[in-house]
Amino acid sequence: MKQRVVYPGSFDPVTYGHIDIIKRAAHMFDEVIVAVASNASKKPLFSLEDRVAMLKKVTRNLKGVSVDSFDCLMVDYVSRKNIKIVIRGLRMISDFEYEFQMALTNRKLNDKIETMFMMPNESYSFVSSKLIKEVAILGANLSEFVPSFVEQKLKKVLQKNK
Amino acid sequence: MKQRVVYPGSFDPVTYGHIDIIKRAAHMFDEVIVAVASNASKKPLFSLEDRVAMLKKVTRNLKGVSVDSFDCLMVDYVSRKNIKIVIRGLRMISDFEYEFQMALTNRKLNDKIETMFMMPNESYSFVSSKLIKEVAILGANLSEFVPSFVEQKLKKVLQKNK
Amino acid sequence: MKQRVVYPGSFDPVTYGHIDIIKRAAHMFDEVIVAVASNASKKPLFSLEDRVAMLKKVTRNLKGVSVDSFDCLMVDYVSRKNIKIVIRGLRMISDFEYEFQMALTNRKLNDKIETMFMMPNESYSFVSSKLIKEVAILGANLSEFVPSFVEQKLKKVLQKNK
Amino acid sequence: MKQRVVYPGSFDPVTYGHIDIIKRAAHMFDEVIVAVASNASKKPLFSLEDRVAMLKKVTRNLKGVSVDSFDCLMVDYVSRKNIKIVIRGLRMISDFEYEFQMALTNRKLNDKIETMFMMPNESYSFVSSKLIKEVAILGANLSEFVPSFVEQKLKKVLQKNK
Amino acid sequence: MKQRVVYPGSFDPVTYGHIDIIKRAAHMFDEVIVAVASNASKKPLFSLEDRVAMLKKVTRNLKGVSVDSFDCLMVDYVSRKNIKIVIRGLRMISDFEYEFQMALTNRKLNDKIETMFMMPNESYSFVSSKLIKEVAILGANLSEFVPSFVEQKLKKVLQKNK
Amino acid sequence: MKQRVVYPGSFDPVTYGHIDIIKRAAHMFDEVIVAVASNASKKPLFSLEDRVAMLKKVTRNLKGVSVDSFDCLMVDYVSRKNIKIVIRGLRMISDFEYEFQMALTNRKLNDKIETMFMMPNESYSFVSSKLIKEVAILGANLSEFVPSFVEQKLKKVLQKNK
């Protein structure tokens, strides 16, 4: 069987940590769908369109990777695509707890879908979208954390929100 | 001596995890007072009255269990009741840290009251009121997490808040 | 009903942390049985008799506290005593994991017995029988960790084992 | 591409937790090789042959699942099989740390092999081969933790080792 | 070389836990600069001026300790002072994760500055500015957690914000 | 005052993770004494002499760094040297717990000595002497974990112990 997986997330914005996971998944599976959650209730910094566009740009040369979005239950989205495997990155203990809680909840909602966890490269194990936004506000150089076009977009948005 | 205990919480809303703890406590102690914190500053989704009413409904057949509420320091409430034992459920590491910090703080506030921790059944070890509300907004079936009348009330409130 | 509880452990040897838990339990329950596990397979430093004797000495003035031992499954021991509550102290995250694993295993073995966790005073939250033995070998002053007669017994045993 | 994965471990002995992971993996991948590490230096309770035989028995009706063993570096074994994905179960925080340390070490040894983590059913999240052996010595009923033929074999071996 | 260190934080408000770390640092280093982050985006309860003033009052008798503030990246502030060591207190696992993530991010931003972690006295290991504010709202006696003039200021501010 | 620190440990054998901490400490303090614990009771793989010799070789070009050994309580050793600061590396949660327990125990034994924790580079955050020995037995290439002369010594010792 052709193995297809979904990698869901907020990607607000995409970081080198996310990109590392996408590349690893693309190396292992035939098809990887990066699926952006609209997460309207979490008030993301970037619009859904911007988040999708940034992901499309960083994955445009990766074979078997596509970008999509959803605004329903993640398991419903995955089920409609007829996919069985969901990929999530795990960096730290606190990720672990939240991710397990979410994955067990998702399993109760749909027990045909399995969450599999991957480790990013240890160089990205501390990169968090939240922390990046905090230091970006203070003018930090983000070249170690995100691609340069993401850094520019991020600083423009933060400027506007001031 | 007749052993009375208080099980305080937000119960916003009550879940099968809470109900499991209440049943275990009722099996061990003569009297269990489920005490709902008003927590006005935390902006609960349900009113204090609704949370008390839901708890009364789910505990109406449990011998020795009553439901009450308080809007003061928890240790002051417990102390006025002349009770020495406070029950709290522990599900995960992050619970553990917050609960210990709170219990040690409470001990400094009143060293005659002891917090005792219980484990819910492992089937409920990942059920969280917060996560339930997140998936409820997206239309998830909640029958594994809360009684059906709570699911209905929850969906009605979320509809209204949209 | 008269509330009786068991506080099981290796107590190899008893520390101020254990004593703190015993006192708290005695303050809350009518009867506290401190039950020493023979744990033959773990090769304790002190004999079962010595561990029981030390506990008897430190608890001799505590009302409602008795000392006993067992060499079977803990839940079988507790069940034969017709007791429903087992007390365990929790100090750290690693305790938490081991204790939960053990408590859930015990619940599968006998679901009528409930484990309840208590916190020692924060001054004793880092005292471990294992660490005490490690520093005792190197001649450390143990007056902050164990009663002085335990310190003497410990140093005598370690001397003999050299 | 046909997706093949290796699920390595000590399996000393196999538990319902392991079996749950094997079934989930078999549901998602074309071929699952359960690979028993000889682990001579860790002095397993069961011989390599016994551990392989028990796994063969419990997996004999699972399509796509085979059992094998290895006594070299795990990544070398997996690489020789021309496989890219290693499966590991994650139950608790302490698993998480050890497993991540091992997976990152393995990645340094061979960066073409990826470790993916899966969650067992929460009913098995506390089942540990080590704990099972501890309670088995004391005569516990193991029917909740291992298949009955494993329980019998375990009790026979423990009897012999006494 | 004369050893100078920076102890940065929000100090909203200063607690006995912070004061314990400041005293320990002052005992080890020639000069300790307590540096208050303006953290405008986190909406602190106390103004920057109030937080600085409270710290000046509690440290006025400590040799080598001064109080300052900054509203830029912490590593830029420390770098301009020509200092190499940043001190942070660690109390719990959740601190540990956040602090490590922040420290590794800071190291990427400036690899000449090193974060060193210290433990407060275990009596203060559970004192958190956030929890203190929660119980203060409910009228708790704070004498175990903060100096009395801080308690008074805190209750006045909370009264005003009601 | 000239700032001197002790970095104690087993160093069985020294890894790139240890070397990273030594370099960071040497960058910040005037004098760094790497102090090897004899730890006779822990049965190290390498003799005390070998461990000291390996450390001397890897630190021979680091200004201000010296190597020593001790077979008493660490705090007694540090106190005799008239030093106030002990350095320890922290990599993971499990380190954190053990290290804090040890540091608090040491503080009770001598409250004039302070333990300060540092983070290794994240590339070494998973390198453990124990794990290295496990994979070395199976013939792994260790060039990412230890200097090549250490790898050779390690493989020779493991060969001999077989």
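Per-chain numbering from 1; labels A, B, C, D, E and F assigned in written order.
Operating definition for what follows: a residue touches a chain if its C-beta (ideal position, glycine included) is under 8 Å from a C-beta of that chain, and two chains touch if they have at least 3 such contacts.
Quick caveat: nothing in here was measured; it's all calculated off a predicted structure.
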Graph separation of subunit A and subunit D (steps between touching chains): 1
Chains contacting each of subunit D and subunit E, listed by label: A, B, C, F
Most remote chain, CA-based centroid, reference being subunit F: B
Copy pair subunit B, subunit D: interface residue numbering same or different (half cut): same
Recurring contact interface, reference E-F, options A-D, B-D or A-F [over half identical by residue number]: A-D
Pair joined by more contacting C-beta pairs (A-B or B-C): B-C
Farthest chain (mean CA position) relative to subunit A: C
Between subunit F and subunit B, distance of the C-alpha-averaged centres to the nearest whole Å: 47
Rounded Å distance, subunit C centre to subunit F centre (Cα mean): 34
Per-residue multi-chain contacts in subunit A, two or more chains: 93-94, 97, 100, 104, 122, 126
Chain pairs in mutual contact under the definition given at the outset: A-B, A-D, A-E, A-F, B-C, B-D, B-E, C-D, C-E, C-F, D-F, E-F
In the complex, subunit A residues that touch subunit E: 92-94, 126-128, 131, 134-135, 137-141, 144-145
Partner subunit D, residues of subunit A touching it in the complex: 1-3, 24, 27-30, 84-85, 90, 93, 96-97, 100, 103-104, 107, 114-119, 122
Residues of subunit A that touch subunit F when the two form their complex: 93, 122-123, 125-126
Subunit E to subunit A touching residues, read off their complex: 41, 72-73, 93-94, 97, 100-102, 104-105, 108-109
